[in-house]
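The two complexes that follow have chain A in common; it is paired with chain B in the first and with chain C in the second.
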Partner chain A sequence: MGVLRERAGAVAFFAAAAAAPLLVRDNFFLDSLVLILMWGALSAAWNVAGGYAGQVSIGHASFFGIGAYAAALVSTRFDQSPWIGMLAGVVVSIAAGAVIGYLSNRLKGPYFALATIAFSQVLLILASRWRGFTSGSEGIPVPYRPGLWTLGLGHFAWAYVALAVAVLFYLVEVWLERSRFGYQLAGVREDEDAAEALGIASRRLKVVAVTLSAALTSVCGTLWAQYIGFVDPFYVFSVDLSIRFALNAIIGGLGSALGPFLGSLLITSLETALRAQFSGVKTGFTGIYLIIYGVVLILVVRFVPEGLTGLAARLRARAARA
Partner chain B sequence: MDSARRLGRAQIVGVLAQLAVSTVLLGGIYALIAVGLTLIFGIMRVVNFAHGEYLMLGMYLAFWAFTLWGLDPYVVLLPAVPIFFGIGLLTYLLVMKGVIHASHNVQIFTTVGLSTALQNVALVAWTGDFRFVRPWHSSKVLGLLGTAFNLSQIVAFAIAVTLTVALFAFMKWTHTGRVMRATAQDRDAATLMGIDTDRVYRITFALGIAAVGVAGVLVSPLYSVYPTAGLQFVLLAYVVVVLGGLGDMVGALLGSVIVAGVEVVGSYFIGSAWKEILYFMLFIGVLVFRPAGLFGQRGAESLGV
Partner chain C sequence: MLALEHVTKRFGGLTAVRDVSLTVEAGDLLGIIGPNGAGKTTLFNVIAGYYRPEEGRVRFDGQDVTGRPAHAISRLGLTRTFQIVKPFGNLSVLDNVMIGALTRLPGTREARAEAERVIGVCGLASHAAARARALPLGLRKRLEVARALATRPRLLLLDEVMAGLNPTELGGMIDLVRRLHADGLTLIVIEHVMAAMMSLARRIVMLHHGERLAEGTPREIVSDRRVIDAYLGEEFVLADA
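Let's turn to the complex of A and B:
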């Protein structure tokens, strides 16, 4: 019942996203749509580790940055397609994700969160100081070459690329809810000792979940770098970015498939609206929406820890009782 | 030939002395930053991800007092203690009180949200510019055991150590300190003994914030002041605290000296640009191999969850 309603909501959400570019051909609107889908997909990727596996990372920007850098370096230094860069990024992220996943076996709660922050800081230092390879703190401009193979696309085409990724990641989450792997993961998340006692290889499951999450995040990192056209180490490896991935998923509802997209819809629209509102105040803008992020995060985990999807279910239950 | 070798030896001794004294001076300051973090964790079982932001606020307090009224940071120290105690109390009542018994994830995101909000309040209010506090003593060079340091560094060390010792004494010999330690050992038993744990948490959080806020004032003549200044220090404080064992105050002191040593020796040999990578590697290494800290109790890392 609840699941059916969730799936119906998802179909409506993605159908609306598919129809919107056909109806509104405005670049500002299309840009917002791409961002909503891309941030949603990133939070869905985070949700695989943070929500379904219960491994709360505040260093997921690591994988985003790896994906962004891989594509930028592959296209600028080796003159290859960003799709090959995406593949390279995924390979590196799988390796890095396996390391983080291994850490998750040894560390819990705040310890794991600390380790993931430290990991993203190590990558930030590498990317910003290793001038010979990464161009250091100046970052890398990603060349714009028209065509799908080089990912030089217009806003209209980007909307559909982002939609495809969003739907794909949503389906990965649905698979996690329906598959044997997902059930076992839920068992480990809720009670690791009990799951172990039932013969579930909890350590291996957690490593696989974190690695999968890392690979998906890396794919988005590549696409984001191609879309924005610039890779700045202090942005792609920042703690703020890692928090953002978590924020959308938490607001939408941890461990719910549509949650990250709803969270992204809310937060990204809010950001876009604020950007329009404060377009005159150049320096102040970034700060203002981040203050709101912070406060929203505090309020949501305090008062609606189950997120928007959970809140909706609670309200429906109350309405049904009344 | 002989004299050249002797000169070489004298230089080596000089360098070693400089490195050793640098380590101790830096370690003392790190200890004051880390001790509040470990106090809050030890008693409340909360990792305060916003800890560095209070350091940043302390630095801004010193900056504005110096710029607007020409007050020396060491004068600002006196009002800084009650100011940050008050800010800590307020933060506890508004933000932390509601999540003290919540899950780890809720606590992590509460303090992470607090950190983001505070950083950006500073960004909006005071812009992202790097600011400097340069009182007369920050450029006054003193010789010490054949080594050279500026006066601010030495005074900061002395005050940091004094305050850390005072905090230790408070924890050890006052009634409130004993009550706090009892709560750290066993929350439920403490409640059964009639201890008002809410009061303990209130005082703990306020004390921890006061320590780090004062540390911010102390280090203001030594480092540049900007909205995310706290991040670098707090990452460092995490390393210190994990090294010493989360919640272990004496461990935090030893951890401070180790981290300071790694930083000082690392910057000397491989350059200051890469020194951070050293202590992050150290951090991850300790988390993986000795998650309860070098001297900590076993199993502390998997508490709860």
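Let's turn to the complex of A and C:
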């Protein structure tokens, strides 16, 4: 019953996201919707490693950046479709993800997290210094060529592309909750030694999970770069971005399928609203959304450490008792 | 079924297990006793693939499994439990056991059915939905056994599953182990509870300072002078007599 109701929440969430563009044709609103879905999907991708496999990475911007650069380079340098670039990004991210996954077998907890940060910073240096190929720190403007094959879309179409990706990633998470692989991964997350005793190849499973997470993140990196139209190495490989992926999932509910999307809904809409509120009013207020962001995080960690989905479960239990 | 040949395991300058050989035949129930630090758990860790021995070989069903990863050894049908229980704390009892069952049964539906059966055998049916970490120690020890059983082992290593149990729980656990053995499972049991050992084990091996000090039937062991001096003490003899 609890499972059914949780899925009902997801159905409501995605149905609302699907209906919204038909009802509101405002570009600012559609932009917010695309961002909510995209950041949600990215946190869902992060959740595969950080939540379900228990490998908390603060370097997932690595894969985001790889996806963003792959598509931008493939379309500008080789004049190919960004979809081909997306595929190239996924291939590179799978290789990079395998490296990070291997690290997860050598380093635990905070040491693993630090190693993932270092990894993303190495990629940042590579991207910002290799002028001949990546245009260095100037970044790469992604040319706008209208059409689905070139991913030159309007806000309305982007909302549905983002929705499709969000639903797909949500289903990957659901699969992780129901499949043999997902159960075994939960065992590895809870206790590796005990999982080994039960015949589970814990190291290989972690590598597979982190690699899957990397590939999904890369797909979103590509889409994001095509949507925004510009790839800046200091943004796409930034620690800020990696933390955002993690925070949305933690605020929403670690290791729950809908959590990352709820986290993104709260944080992204808060951020967009506050930025719109304070931008241009007084320049001194430009960073205020970061403060609010921090306050929300503190409140969540203090009062609902299990995240928004946990809060929902708690409220349901209270309602059932009343 | 299992044969240890001159197994030695060192940690730096400390030799935890020294030149231990033993064999276990199918259908056996071997007890391992010894004071704390005698190397009992280290021996389990070597057998189950958690430690690679410096010297010696471990053979299971004639295959040399020395140095193979733990999960590979478990898949061959040699499963262990942990002295300090390692439940998947945030998962339900049923999910814990199901993860064990999934090793042999790829389908989640079949694995769930198997897990429910095993939970019944181990007397955990009324706790199936409970979070593993919320269980009291006695039930967590049972869960440890249930999860291992779900992998359908042919040889099961039980590491102090009776330690810390109250008399009722202890009786239940002895009963469970006896039933498993009667159903054809081969077991090696590490235990400090001598009363349990006396009634369960067919043979007992005594470890002391990592070495095999004595081996025999429970009767022979409790009257062995070396075992009394090193482990049981005079009082046990008096109480037993």
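One rule holds for everything that comes next: the second predicted complex is superposed on the first by the 306 of 322 C-alpha atoms of A that agree within 3 Å, B and C clash if a C-alpha of one lies under 4 Å from a C-alpha of the other, contacts with A are read in each partner's own complex, and residues count from 1 in each chain.
FYI, a contact is a pair of C-beta atoms (placed from the backbone, for glycine too) under 8 Å apart; a residue touches a chain by one contact, two chains touch by 3 or more.
Everything numeric in this text was worked out from a predicted model, so none of it was measured.
Chemist: Answer with clash or fit: chain B and chain C placed together on chain A by superposition.
Modeler: Fit.
Chemist: In the overlay, answer first, second, both or neither for which of chain B and chain C A:209 touches.
Modeler: Touch partners of A:209: none, neither chain B nor chain C.
Chemist: Based on the superposed arrangement, let me know which partner A:197 touches: chain B (first), chain C (second), both, or neither?
Modeler: Touch partner of A:197: chain C, not chain B.
Chemist: Is it chain B or chain C that touches the larger share of residues in chain A?
Modeler: On the superposition, B touches more of the residues of chain A.
Chemist: So, does A:184 touch the first partner chain B, the second partner chain C, both, or neither?
Modeler: Touch status of A:184: second partner only.
Chemist: Looking at the overlay, what does A:107 touch: chain B (first), chain C (second), both, or neither?
Modeler: first
Chemist: Does the superposition put A:121 against chain B (first), chain C (second), both, or neither?
Modeler: The first partner, chain B, only.
Chemist: Is A:241 contacted by the first partner chain B, the second partner chain C, both or neither?
Modeler: Touch status of A:241: no partner.
Chemist: May I ask for the angle at the C-alpha centre of chain A between those of chain B and chain C, rounded to a multiple of 10 degrees?
Modeler: 80
Chemist: Quick one: minimum Cα-Cα distance, chain B versus chain C, in the superposed arrangement, integer Å.
Modeler: Nearest C-alpha pair, chain B versus chain C: 11 Å apart.
Chemist: From the superposed pair, tell me which chain A residues show up as contacts to chain B and also as contacts to chain C.
Modeler: none
Chemist: Okay, in this complex, where on chain C does chain A touch?
Modeler: Chain C residues touching chain A: 48-50, 69-72, 74-75, 79-82, 86-91, 95, 98-100, 102-103, 106-108, 111, 147-148, 150-151.
Chemist: Within the complex, which stretch of chain A touches chain C?
Modeler: 178-180, 183-184, 186-187, 190-191, 193-202
Chemist: Show me the residue ranges of chain B that touch chain A in the complex, using the header's touch definition.
Modeler: Spelled out, the residues of chain B in touch with chain A are 47, 49, 95, 98-99, 102, 104-110, 112-121, 123-124, 127-128, 231, 235, 238-239, 242, 246, 273-274, 276-277, 280-281, 283-284, 287-288, 291, 301-305.
Chemist: Under the definition above, what is the set of chain A residues touching chain B in their complex?
Modeler: 56, 58, 103, 106-111, 113-115, 117-119, 121-122, 125-126, 129, 239-240, 243, 246, 250, 254, 283-284, 286-288, 290-291, 293-298, 301-302, 305
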